[in-house]
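There are two complexes below, and they share chain A, which is joined by chain B in the first and by chain C in the second.
And then the complex of A and B:
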């Protein structure tokens, strides 16, 4: 329940502020431009509906992960730099409850992005195959990935106590995780690409979207990849718990 | 004597090589169907390639692929078929003597203009690849301004979220 109080505080301070809410305006504008071009541009509009849906899903996932990383990096290091963590520690809330509350707020942020993206997903995927299944998988895997990367970034923030350092390291990890996007299809078929695809939670998520939306494959094909993502989620939560419990000012 | 043997050997070798080349080039033929198409952007068409083995022996492990070139005036360029969702190369294990193989290349027409498509067969036993005649493809442009009713969402949602943003900003300023 104390964690719930922290979530409410974070929502008030990070989300329901003009600066915080501006992110959602930008998210919506970017998604509008993207979906309009997907549907009207000469070449893009002739892609399969499922291909368009898959590309929009990837974009939303990247956006959610990125925002989770930025919010996570600010959590402890930002409070230390602003000199507000001491006051928070004086309140009758444990460090683990503070971490859980802040992680909860990061998840609320992801769910808002997901909710904003729903109309676009319906418009782009309308008439195509696997729309509802795609949205379900995006909801679940997006939540797991946001949880993973936000928790990792928060754990890092607690350890480095420097927002700049935790942001740089988080972005580095993000680029590494997003590297499958930059690899060509041929490179991804090499042993290096295959290993990178399997051990990388981000690649596991986009390959699952591909498998579900484009190839119409069932849940049994996704179990291995989802299990790997869940593994990373538990690992990140453990990393955050350890970092938060050892945090001293 | 040695010179004579050398000259004769070279002569017969030349005849043999020439004969092999001529027979290899002649024993496989390839045709493309339809020979011309007029369609709209977004349409799906299928090219059928018929590869015929005219020889008395089977041909094994041959590769066949389709090529597409833009021949619109001022836009002449070979096309990357990955964008057109066409099949990649087809490997044919064997075609029996005097037998035929029919390969299909479905294609989604993603841009307007004039194009030519042709099918090529590559047999490692032959010196030169064999190509079909060119099939002419005319694609008409199609413009869609509000497909899937995208405009209300594309304009309405940022406006709605922008409205909430203004409300929050106003409330904070007032408070």
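And then the complex of A and C:
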């Protein structure tokens, strides 16, 4: 499978260039600041551990989705603009293998972010309820969401062939997806907020975190939301496959 | 034996006809010059023949394989140096060539990669980052990349653009060696008529997506210089 060489190349690029490396630094810095405030700020430290864990899990998920969208936008359009995609297309590697390799690398990037966040999750959630279950759900749903939004952004990148357009659309999608975090509780209760909650895989993920970490509900309560997220994942993978296989330079 | 056989190739972009029923063939072992003014359809033809772009209609056989139905088979025996070749600038020369060698089934050994680096005149630069390279050095690296799978058919789109006289001579020598020692067929698209005179045995001139002249270069030159032939065929005053 030639895709493994593409994954290796992409991961090396992430580590050796600011493209991915800055995300890791940014994650560490922001999580350090958040954790510091959670543990030292007079008001925030009054929150119980599971509430803090829930908030930091939401933040990590937002970061994973944003990273998937931004890096995904560069995957085809960026390579076309830099003139590097043609050489890849000349090799006997199929477009689907190239897309699979790049998606694999996006997943590795998410797992690196997840690994960086683990110590912070343990520190903030220590002594609270459902810490390990919360981390497990974050790992699984974060992976699914990262896969969904990365694949969507890559498919978009293959279709628009323009980094600028892919980024603009990706940011718009990010604002819609992040609505449960960005909208106030009152706005979330309006018809607009409810529709967004209903069709938004990101909202399903954070509602699942809420249900697992704060309400201590079991897996049977989560099945429906997880199924919706899986549905979006399959849709995004189909969108990427279609976009990549039809891509011409 | 025919290495390239093109029949009635048509390609349009947004209502503009880039290729208008192109017909030509390239014999195995030829150094084939593909000439034409800007916008004549040279790069589009190369992109179609290398499977990067699909044609609207027509057929193209490479070594008997249909590029539209068996692009994987064709890509094993061809390679190309595109006009706007980009590079992974964070890689070193060696890493860049090694990465592309992995993508082919017949992976190259370390020694072979070093030999390839030497053959394009980048000796001692195997550990340098590509971002530190001049345009000419990048051009050489791009040609090395195009040779990584020992292609039986090599497409080159303006390979000597931006090279100094020494660089151009090195590329000429490299292509001659490749053709004579390995028997590779070379499909050379260029504006530089001097390159054509030095290297090619057969040429085809394309204008507005159609072939306007084709044949043996030595026979054509009996009727005038390559420059005269080109201008007469394309009715253009300048390149």
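One rule holds for everything that comes next: the second predicted complex is superposed on the first by the 239 of 249 C-alpha atoms of A that agree within 3 Å, B and C clash if a C-alpha of one lies under 4 Å from a C-alpha of the other, contacts with A are read in each partner's own complex, and residues count from 1 in each chain.
Following the convention adopted for this analysis, contacts are C-beta pairs under 8 Å (C-beta built on N, C-alpha and C of every residue); 3 or more make two chains touch, one makes a residue touch a chain.
Every value quoted in this text rests on a predicted model; they were computed, and no experiment measured them.
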(message) Between chain B and chain C, which one contacts more residues of chain A in the superposed model?
(response) B
(message) One more residue to check, A:92. First (chain B), second (chain C), both or neither?
(response) second
(message) So in the superposed three-chain picture, is A:13 touching just chain B, just chain C, both, or none of them (first/second/both/neither)?
(response) second
(request) Return the residues of chain A at which the contacts from chain B and from chain C coincide. (result) 16-17
(request) Quick one: which bits of chain B touch chain A in the complex? Just the residue numbers, please. (result) 41-42, 83, 85, 108-112, 141, 144-151, 153-155, 157-158, 161-162, 164-165, 168-169, 172
(message) For the complex, give me every residue of chain A touching chain C.
(response) 2, 5, 9, 12-13, 16-17, 79, 82-94, 248-249
(request) Sort out for me which residues of chain C touch chain A in the complex. (result) 47, 50-54, 72, 75-76, 78-80, 82, 84-88, 90, 99-100, 102-105, 142, 145, 149
(message) List the residues on chain A that touch chain B in their complex, please.
(response) 16-18, 21-22, 24-25, 28-29, 31-33, 35-36, 39-40, 42-43, 45-48, 116, 119-120, 123-124, 126-127
